[in-house]
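Right, I'll just put the structure down here and ask away after.
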């Protein structure tokens, strides 16, 4: 194993703690979810394939290049690595990407007939980039699930830059990101809170 | 940074721990919520703008004057500071104010057609000031959300003194208060418990 | 304060930890709930009036006589003490009594038109005294809430000995008991699990 | 008590921690559930009868032979031991078996009219053995509850080898297994997540 510098270890710790937080909320069941950070120097740290995201150690975090290939031989990155690198390539300010599976995201996306989940008039919308008021709507696009991640990334591409609330993969989970881990986590919590509200509202 | 005295640090600790408690219950998602304490000597301590209320430190608590202005240059109080100072101005006994965002408060207030949520016949009503029996009703007023907090405070003003169960801002969250932090927290838990009951009863 | 012997302190610790457990589950919101233990020598330890049951200390546990009167001057026992002493008087084997407030117990009892909640065919029924199979029914009686606890105790009295699953006070909460604290807690968890199932089944 | 070797103690610790995890999720209410591990040398460790599975110690784990009989005199294994040994006998790779009781499993199995719960198009299906895509269905068989465990095992037997998602006992709970404890726990979390989704989808 490589000796890691302070910046790397900080990024790895960000990922470990984000996994613990997501697990407390029930958003990374089984081996679901993956988490990444882009460092100031451009290196990308991401969770390795498999394993429970609530019980990560720093050794479960590996380095990938901008095309999603592990830097070290014999390492295997998360299957959905390409969805992370796509965001970093699109948005030079992106510093953290989170992917989780919640009951609300799964159920709402499977029930949806529209191509997006529309979130309207919620105060919490203000957590998303560029939002200054609750008196607005944000569309969270839903993409069909696909085991061919390159093909899924192609479907997502045209929407990058138009998704302040992130996106949902049907029957699968959400993707959100931000300039740093606290912001990405705040957006994840905001989105999941709003999806939980939407789920409840359908039962009233 | 100022050297803080014991009374201030106790108030700051009350706020830090209240934030942790609200986070455990899921009532401060993302950067939502804000928390304040009025000390015996009249100083008001409140959470600064932004940041997660589940991970506060004493440095995230700042002093404001009775009009809601930070005492120190360059500090920024929570956007909704005026709703806190309004309560302290109205009620000389008020020593703590809590504002949180729950799924139940959000969903019920968005579904409501009446101007208040009526809570009837619950034992837990006795947690609210002046209530001696379950055999009563309390109306929790709902105010329309407004990014203009001064205007929102004006809408709230006529109801101050008539809201033992606090109030709800539509699609946003609840405000409750009490003479000290334990009492304010008990009223918050009581209100959220009753809103959770109301949400369930609509599905039966 | 009296010096307490080992048996008393063990009983007080049982109560403190039961309160923490009930709080984790959300069954003692605000200042709700109360908890007692009868020691081998007949002394009864119970939570004092008020305060949050998730944050008890040994000093929050006081001694009462079999009629429910505090042994020490100036102490105030939980308002519902009489419902505890009634159980101890009826059942010489009872060593712990638990009273909590859950959303499920509150909502189901307020919706009920029958005088009891009937629980049928659940494996978990076996946690209740004398139950050897799931293929049975247990009726959990519902009593109307009453601020006159002596009158409420009179309503409960005829059913003592016929309530292996405890009982529910309408819009208020449950009472369960057992020979020791682990058994009482297991019955509480069993009852609350089954009430949660009943609540869900009504929405299917 | 026997002196235990390192391999045994590791297995016992796996069981203790699995119980804590299941308790956090609310899947072992009261004294429900049981947990076992088969060691590399063929010994089988299982929770003893009774007691809360969230508060196990190593002493609550006992050794049984492949027919489910305790190795030491005077010990009593979980009532459902035979359902564990049946899985170990069928699948030589099985190293851990988990049985829990959740609200979702209880309610869905009691509402079901079909002989299985069909799970379709979920990403999380990939946690089950041999599943490479979400675009598939898995049937989780439901067996009627029976206090005669030998008879219940006979009903389960024909399905062994055809249940990648484990199975459900009606009004009772789930059984899942895997080559080691982390895999068994991941499958349990995956199954419970999907049952929670199914429960929500019925309310939409």
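Note that the chains take the letters A, B, C and D in the order they are written out, and that residue 1 is the start of every chain.
Operating definition for what follows: a residue touches a chain if its C-beta (ideal position, glycine included) is under 8 Å from a C-beta of that chain, and two chains touch if they have at least 3 such contacts.
Computed from a predicted model, the values in this text were never measured in an experiment.
> When you check each chain against subunit A and subunit D, which touch both of them?
Expected: no chain.
> Counting residue numbers used by both copies over all numbers at the interface, does the subunit C-subunit D contact come out same (over half shared) or different (under half)?
Copies use mostly different positions to touch.
> CA centre of subunit A versus CA centre of subunit C: separation in Å?
Their C-alpha centroids are separated by 44 Å.
> I'd like the Å distance between the centres of subunit A and subunit B, where a centre is the mean of that chain's Cα atoms.
Distance between chain centres: 31 Å.
> Would you please write down the residue numbers of subunit D that are in contact with two or more other chains?
203
> Flag every residue of subunit B that touches subunit C in the complex, lowest number first.
Within the complex, subunit B touches subunit C at residues 121-124, 127, 132-135, 182, 185-187, 189-190, 192-193, 196-197, 200-201, 203-204.
> Mind listing the subunit B positions that touch subunit A in their complex?
Touch list, subunit B to subunit A: 26, 29-32, 52, 101, 103-104, 106-107, 110-111, 145, 147, 169-173, 199, 202-203.
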